[in-house]
Amino acid sequence: MTSAFAHPGLSIIFSVPEVSVHLSAGTQLAYILSVKVTHSRVLDNESTVLAVEAVQVAPQNLMPGAAVDSLPVPELVRCLRAQIPQELHTDIHRDLTCQDVIDTALVLSLRDIFVIFKLRLVALQTAISELSPNQTTASLVGRTRMQAVVPITVSDFLATWSMPLADLLTRLHEMLSRILRIQCAGPVGIHSGDALAVRLALFTPSKSWHAMRGGLCELAGWLSLFSSSLGKIGSDISLMAQQGLDEIYLMGGGSSSAISHKKTTFVELLVALVRFNTAQLAGMCQAQVHGKEHSGAAWALERMILPIMIQTTAPGLSVRR
Amino acid sequence: MTSAFAHPGLSIIFSVPEVSVHLSAGTQLAYILSVKVTHSRVLDNESTVLAVEAVQVAPQNLMPGAAVDSLPVPELVRCLRAQIPQELHTDIHRDLTCQDVIDTALVLSLRDIFVIFKLRLVALQTAISELSPNQTTASLVGRTRMQAVVPITVSDFLATWSMPLADLLTRLHEMLSRILRIQCAGPVGIHSGDALAVRLALFTPSKSWHAMRGGLCELAGWLSLFSSSLGKIGSDISLMAQQGLDEIYLMGGGSSSAISHKKTTFVELLVALVRFNTAQLAGMCQAQVHGKEHSGAAWALERMILPIMIQTTAPGLSVRR
Amino acid sequence: MTSAFAHPGLSIIFSVPEVSVHLSAGTQLAYILSVKVTHSRVLDNESTVLAVEAVQVAPQNLMPGAAVDSLPVPELVRCLRAQIPQELHTDIHRDLTCQDVIDTALVLSLRDIFVIFKLRLVALQTAISELSPNQTTASLVGRTRMQAVVPITVSDFLATWSMPLADLLTRLHEMLSRILRIQCAGPVGIHSGDALAVRLALFTPSKSWHAMRGGLCELAGWLSLFSSSLGKIGSDISLMAQQGLDEIYLMGGGSSSAISHKKTTFVELLVALVRFNTAQLAGMCQAQVHGKEHSGAAWALERMILPIMIQTTAPGLSVRR
Amino acid sequence: MTSAFAHPGLSIIFSVPEVSVHLSAGTQLAYILSVKVTHSRVLDNESTVLAVEAVQVAPQNLMPGAAVDSLPVPELVRCLRAQIPQELHTDIHRDLTCQDVIDTALVLSLRDIFVIFKLRLVALQTAISELSPNQTTASLVGRTRMQAVVPITVSDFLATWSMPLADLLTRLHEMLSRILRIQCAGPVGIHSGDALAVRLALFTPSKSWHAMRGGLCELAGWLSLFSSSLGKIGSDISLMAQQGLDEIYLMGGGSSSAISHKKTTFVELLVALVRFNTAQLAGMCQAQVHGKEHSGAAWALERMILPIMIQTTAPGLSVRR
């Protein structure tokens, strides 16, 4: 598969390895195994714990089977069974469904990703606030509807960049309890996983959320808004850098084969990422309607889009002075 | 203009007058005048207060001017000036911009609408919980990926309908402080409106939010998720009512000219409304990037979409046993 | 129902009465009756023809029934039967389903609307070409990525506005045979309507298209592209009118309560309409998947969106020199 | 970068190597070089032709530079210059811009991809028509609004699957002349490339289409409609395979760790792909508004989405009996 991001010129720009690693097949597999081990501990199946911990599986070995099942877990269970004693074969996949382990692994990764997002948001706020004081007395032409209005201070202008970041941080906090929830059920979602949740330090919903994906949809809305906040910065810089206005001068930013002063590449990408992530948001929200206990179509859609959204939000965070 | 909702058969279904009234031109105009009066009080311009309170304006009188300006306020100011003494002409529109009064009026309407949404959400939770006890012992075929799996109880099934409503109520509460914010600035957003906010019982942001519409975007996400929660109910009922499965029997629901037992009209509309509102959500979020201090394009887009989203979320709330 | 377009300031701008009239309840009802009369002629039921032609029905009389059924036709059939002799009651709604008459009436309206769109497109091409010659020698700063590059002639610049209009005209022609198709079937789409198609001068598909809405989806794509072509014009003008660049001066365009020179209202609306129509396009295309012979959810979604798209494309067409 | 498609279980399903190869960095680079060579031939620069043909460049060598410039061409030009005599350095990138060579290379790849799409569409039509005759006498329960109506023949039912494919083939043909256009201009799009077009067997637009991307947008609409046509097949099969209806039995389709008879994986993916591709379509159409002569934001957005759409349409084409 040639990803859209495999194109020379886009792939590396969009790569924020410290975020991507948490969505990689390797990390997901590690968390899946960790959920299985922890669950065996909850059930006091020490021999299963030891057996699974000793098992060797590489993500690529799961690929062919996963392609048939559209999920890696059935093949993983086959792999595990091939490496553990016969008497543990039942315990290895007792009570937890494919979706239980995949969703819980996702949530554990999201917790790691949220830490990065939080740190970067704070760093961005700091960077903007440090720009501001030196510029207190400077003024800019305020523009509404693209038309010059009255002068505004640079500080006031920069507040428009930083104020939304404060709201994003508040929301990040608020939504944790709706997202970092254990997934633990039988095939139709009627068992509880309190003990497993405690061990994994996750929240316990009143019912498994196989067909209730509102938390992930809220996250998608947050990611889209985050992109928008960064896209506004990009759009403002593009406008201010126009020759004739010359309110800002850009350094770096990539070269062109024909025009030596075309430095707006990165800020334009911030605008592209808003449009992109907003389109993805609509896709994610279309995945909210599950038929009865679970829809494979809705779940596949969510799994196609959420990692894209996380990774296309991340690059904006590398904005530096 | 023939609205999409003016089509026979769709218009009345979608009409929830107790919600629509808050978005009508009449209500918006009343709140706009109320903001102007309150602002004059803050400035201790008692004569302006009295003059504006005595003024007579009907929404339809503003239409022709509003069509030229794309906003009703310039024409409103002309109307007011024609009816008040010359010496008050400056005070009548001092310090507040068009966008200040329009946004603040919107926020005051949203506060009223949130009360309705909250009451309806609670009523819906109650209706579902009252269904549930009588049905505790009954069981249904659990279905994942449209395929029969194991039996589940009706209570467990209904929990999938009600659990998202609890999250929606929590979020409604959380987002109030990001939405119910006074808009008060000069043309480029540098004045504060603390006193006005206190009198109107609104939150005061650290800066006017002309170009920071994240609160309204969060609301749009919430509306879309709300539609999804109702759409899932509609989708489940459609599936269960299939002849051959017959897990539910519908009463009412409209007749067909050809088929007497086609009762699924209303539940299908719930599904249509999710798809519709999710598409609108993408539009709303495209409106997040304002060029510099304010973009007329982004604002017009937001004003086109938000009222649609509110009104197409509302009908789902009339779900009754 | 308060439509988004009922807001003072937006409603009249978006109103293009010569287009809207074709989507009004009155016009739709007239075409529905015309389809019924023509169908009776095809069946040689002259007495039914005469009876239906004599009938009096106003759209508003159908509203209450239509709200229950979500379609106007069942109530219309009740109305007709109340006014015609008992012996014609069966013939009045024989062989044609609700969807048959509603879809065929829509298609007849679309044919009228296409004529307007075509005339306006040609007028817009002419207007641009008439601008061009007087300006042949003039030059503009060419800008890529918002950065000044090399001078270009005004003619070259304007070609970017007019060339897409030529493609739109070609496509309008090409898609007629996929859209202007008779809808004629029994409840599950197995009867043909060749004779009816001939009388109405519509194309005859090899099967009724109850669950195959690709033609309308293609139209939606065309409408969205049309909006984009106009939105580019609006965006260019906004950029060129910036103080500091001053490449264009605007006249008219609405006033602001605070800033006398804010003339960009209309061109910004063109940009808003692209974003809006593109969001609607995604909604329309979500309506393409019909479950089995017909999905009420998909159809309702299409009926909610298509009239909006047509009417929000139309205003752009009133662009004048 | 971890693509959404790198997840175990989704990656291989979505991989249609015969399509993906045409979008790979290697193929794009090969076409870029081929455009450069052909252009040198047009200019009668035989020594440049020979020099470029002798050059060795691997896509991965361009990556670091491309990441800075967001385009591979500036780095490619540097690479080429390092390997050819000094006196050819100007000719190697004369008259053609980065966008000229990248767009023309894309169009050459699209031509190859269209051939595959056409063959597969015809194969799918054949497969459906071969199903049909054996089943002529069989009947199915016709369902509208999920409710049983009257019996229909299997042939009639299958016509709903195949009729849209015929329209797609017609449209594929029609849109060729709007998509397979040479891109050839100076930095602001004012030179023509007739001779280059003739040698590459591409259409020549009246002006370079740097800022007029309607052809690619039309393609996106076509891809989305294609996905919908396949998604309808998937949705129908899902519905018919429900236990209790049992109108179809599935073989293969992947296993579940918990439920042995869950065979609907592939058909559900067809539904997921519609929702996904429709969301992408909105993103592509948001990329239609270019500011002045070229917008880097709009172009990046298009480059992010179009390859995704092509590749998520392709899997549906592997539907087999």
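The first chain written gets the first letter, and so on, giving A, B, C and D; residue counts start at 1 in each chain.
Definition applied: contacts are C-beta pairs under 8 Å (C-beta built on N, C-alpha and C of every residue); 3 or more make two chains touch, one makes a residue touch a chain.
Keep in mind that what you see is a predicted model, and the values were worked out from it rather than measured.
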{"item": "Angle (degrees, nearest 5) of the CA superposition of chain A onto chain B", "value": "180"}
{"item": "For chain B paired with chain C, centre-to-centre distance based on mean C-alpha positions, whole Å", "value": "26"}
{"item": "Chain centre separation in whole Å, for chain D relative to chain B (CA means)", "value": "39"}
{"item": "Sites on chain D at which at least two other chains make contact", "value": "143-146, 149, 186-187, 238-239, 258-259, 264-265, 268, 271, 275, 278-279, 282, 286, 295-296"}
{"item": "Category of the chain touch graph - line, ring, star, complete, other", "value": "complete"}
{"item": "Complex interface listing, chain B residues touching chain C", "value": "1-15, 20-21, 23-25, 28-29, 59, 62-64, 66-74, 77, 93, 97-98, 186-187, 234, 238, 252, 254-259, 264-266, 268-269, 271-272, 275-276, 278-280, 282-283, 286-287, 295-298, 300-301, 303-308, 311"}
{"item": "Chain B contact footprint on chain A (complex, rising order)", "value": "142-146, 149-150, 152-153, 156-157, 159-160, 163-164, 167-168, 170-171, 174, 178, 186-190, 205-207, 209-212, 214-215, 217-218, 221, 224-225, 228-229, 231-232, 235-236, 239-240, 271, 274-275, 278-279, 281-282, 285-286, 288-296"}
{"item": "List of chain B residues in touch with chain D within their complex", "value": "141, 143-149, 238-239, 241-245, 258-259, 261-265, 268, 279, 282, 286"}
